[in-house]
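These notes concern the structure reproduced below.
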Amino acid sequence: MDGPRVTVWNEFRHEKTHAEVTKLYPDGMHQVIAKVLREAGMTVRTATLDEPQHGLTDEVLAQTDVLIWWGHMAHGEVKDEVVDKVYQRVLDGMGLVVLHSAHFSKIFRKLMGTSCDLKWREAAEKERIWVVEPGHPIADGLGEYFEIPHAEMYGERFDIPAPDTLVFVSWFQGGEVFRSGCCYNRGKGKVFYFRPGHETYPIYYQPEVQRVLVNAARWAAAGSGPQVTFGQRPNPLEKIG
Amino acid sequence: MDGPRVTVWNEFRHEKTHAEVTKLYPDGMHQVIAKVLREAGMTVRTATLDEPQHGLTDEVLAQTDVLIWWGHMAHGEVKDEVVDKVYQRVLDGMGLVVLHSAHFSKIFRKLMGTSCDLKWREAAEKERIWVVEPGHPIADGLGEYFEIPHAEMYGERFDIPAPDTLVFVSWFQGGEVFRSGCCYNRGKGKVFYFRPGHETYPIYYQPEVQRVLVNAARWAAAGSGPQVTFGQRPNPLEKIG
Amino acid sequence: MDGPRVTVWNEFRHEKTHAEVTKLYPDGMHQVIAKVLREAGMTVRTATLDEPQHGLTDEVLAQTDVLIWWGHMAHGEVKDEVVDKVYQRVLDGMGLVVLHSAHFSKIFRKLMGTSCDLKWREAAEKERIWVVEPGHPIADGLGEYFEIPHAEMYGERFDIPAPDTLVFVSWFQGGEVFRSGCCYNRGKGKVFYFRPGHETYPIYYQPEVQRVLVNAARWAAAGSGPQVTFGQRPNPLEKIG
Amino acid sequence: MDGPRVTVWNEFRHEKTHAEVTKLYPDGMHQVIAKVLREAGMTVRTATLDEPQHGLTDEVLAQTDVLIWWGHMAHGEVKDEVVDKVYQRVLDGMGLVVLHSAHFSKIFRKLMGTSCDLKWREAAEKERIWVVEPGHPIADGLGEYFEIPHAEMYGERFDIPAPDTLVFVSWFQGGEVFRSGCCYNRGKGKVFYFRPGHETYPIYYQPEVQRVLVNAARWAAAGSGPQVTFGQRPNPLEKIG
């Protein structure tokens, strides 16, 4: 089985404007994530906000089995026209992996139907991510939990529809919990939200996080289910009734 | 316990333009539905597309615990501004009961995050609606199934997120099935989609259908759960860590 | 609407054998819980392990809309014959509210189909119970979270089927999380598992916990859904095909 | 990726005692199913009721990633001791695919926690199986529906917990519907119930049914998720609080 074709999309602004982030991710977070997925045998390209059409041309989208999405400070700059194309591709079967602050991206909110709002705090506190569905493929290769030593806190109430499958729940040192790994079906597409990933901590270098990214890309990859049709159907009733 | 305050919203166009529909619902479908809910002890008002702001002013919405929505030929005429207000009210706790062809309404699609498309056929065929979750309050007072003698067919694939609770599944004479009674949580609000209700059949006069409408309005009514807050949280870590 | 008829079942052993528990609950935990529910307008009786048939005769069960269950040190002494009767009543529509250490009761394990095992620790640590589904009736009257100052810890992985609705998630000071409020449909019956309740802490005197017990009893109460039939069906095909 | 190791378990009684069934499945249904899975690259063995320990020794179970189960007339002869071992293996991660009349098998009922009862009729009527979740891997390679020309009818209410994912819904000519493809997580194991398969129709020779069996075995195969631990945890509070 060939690995899925993945496109890693990154807003790629913090890396250019915040020295701290530049140091961590000199080529952008997308390059670090892309490397991980390539090493797992996937065919990976990247795309960023400031490219024409944000790098997501019809051709790129047509050749993408899974799209990974990171955004934060510039959600509003993502063109509705591109969001609509990504949305349609998800309904048609493309997988979507939504990372961290992309909870507030246009595409995630459009697919969820809710505000996707949450509580947050930047205090470099400890996060412990518990696996609550250990049989799910996104938990392959993990222990019962893993920790992120310094994380931005995200806390409930996370205003999302209840996930079709809840894989991870985070504990934060300061007293909050969070549904950190959430699977959804939308149309023929699979969507996975994964919480970790603040731009000022080296989170995408952490092996457990990398393992989740690989698992999630595999899980979300488009399958070969039925071509769905909609609209008017012929009347077979003479034959039946 | 006082009954919930319900607003029955109807597009109210077919009744004015199609003689067949006028005959069935001379005052509009909303009046028939409103009467049923009033007789069940609820406080009911109605609203229609051609009223200013479609009859859904801030004041009306603020006083509505459950909104019932029927639309078909003029979804596109519903103003986005009104849709956004209804949407926010649902996330804040107002119930929403979506009827029949309103599967394609702006508000339902926005809350679902999918196309909400389906198959259909007008052949006056028989529909048999099976209760698959008999302990759910929306099934109170029903038998194991009930029939609609002449129905427009709606068939799968119905492009919705899997319901949080699936209460009804329809069988159609011509060979299709349909998830006909679908419960969702969205924000603090409850949403119920109920399939029956074509404008040219006397469906809202049928006692079983009326029973479902009453049950659904009761189930969807806003509760008194926590006032949810979002955004930045203070740092308690000095005390904890 | 009359309140549901509730039977509060308690193992009632710790209260007789551990001085610390006797002091907290001199008449047994069931009496404290029963009082709370009575004050909320319900008709309440109690039953305990050492009564004949554990106090759960056919007559008592037939007159029970919701059964509340607390057990811990003597799960094995509950007769299978009684468990089977309770089980059948749940499938027939009786609600069941399962408290704390009753995660390991025969009746809960039989209804879940899993081991219902978990992690635990007695360190009198702080528990913070977050509401993750604020629109659910079991969250009525609560804030965004409430705290139990000294709790026994229960931690994930909690070996249960994913709840039909997850209402609460607990945070524990020592680093664990737990799905603390879990709703299930089983047959026509509703089941709610609620985590708090260790026998050596005054947890059932806490107003938020009492509010949850009242809400849960109301939510779980048997409805009037269809009388379900099983088995062979007549052949209507001459008429249809 | 090597295919999973599958054990096909068959009661294997009808084939020996009913001439009609012998003719269809001279070597037993299990051999037909085993052949299909082998051709899809899986390592397959078979086991039957009348072998010692029903062919399910500790060694066989330990080497099984997915167990497929067909039973009907002799559910009661399956030893509880073997059922308990299979049950524990599922909780530990082994997949289980439950076919047709095995809805009433001890192992399925134990894992579901409900009666698993249903309506049925033998009238050789037409069944049309609709895909309601086209993005699910068990629907790979299928059309929007497929038909079984002559099927035993199974009808709702099917007394199961709501599936974690509902993949198929059946339409029957005589007026019933049925949740025909149901996915569950139980412990670390995945369970799939698939309705088709009456012993007197050549159903397991049908390509669409074979495709579902292959898909289901792949989906249900044990992953490499965390080794779950239960029981008492050490107290870290000195460090934390």
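Residue numbering begins at 1 within each chain, and the chains themselves are lettered A, B, C and D in the order written.
As a working rule, a residue touches a chain if its C-beta (ideal position, glycine included) is under 8 Å from a C-beta of that chain, and two chains touch if they have at least 3 such contacts.
Keep in mind the model is a prediction, meaning the values are calculated, not measured.
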| item | value |
| --- | --- |
| Interface with more contacting C-beta pairs, comparing A-D to A-C | A-D |
| Centroid-based (C-alpha) most distant chain relative to chain A | C |
| Rounded Å distance, chain A centre to chain D centre (Cα mean) | 32 |
| Centre-of-Cα separation between chain C and chain A, whole angstrom | 36 |
| Residues of chain D touching at least two other chains | 131, 133-134, 144, 155, 157, 162, 164-165, 173, 175-176, 185, 187, 226, 228-229, 240-241 |
| Chain B to chain A touching residues, read off their complex | 91, 110-115, 117-121, 123, 125-126, 153, 155, 157, 159, 161-162, 164, 173-176, 184-187, 226, 228-237, 240-241 |
| Complex interface listing, chain C residues touching chain A | 128, 130-134, 144, 155-158, 162, 165-166, 169-172, 175-177, 179, 240-241 |
| Interface residues, chain D side, partner chain A - complex | 1, 93, 131, 133-137, 139-144, 164-165, 173, 185, 187-190, 222-229, 240 |
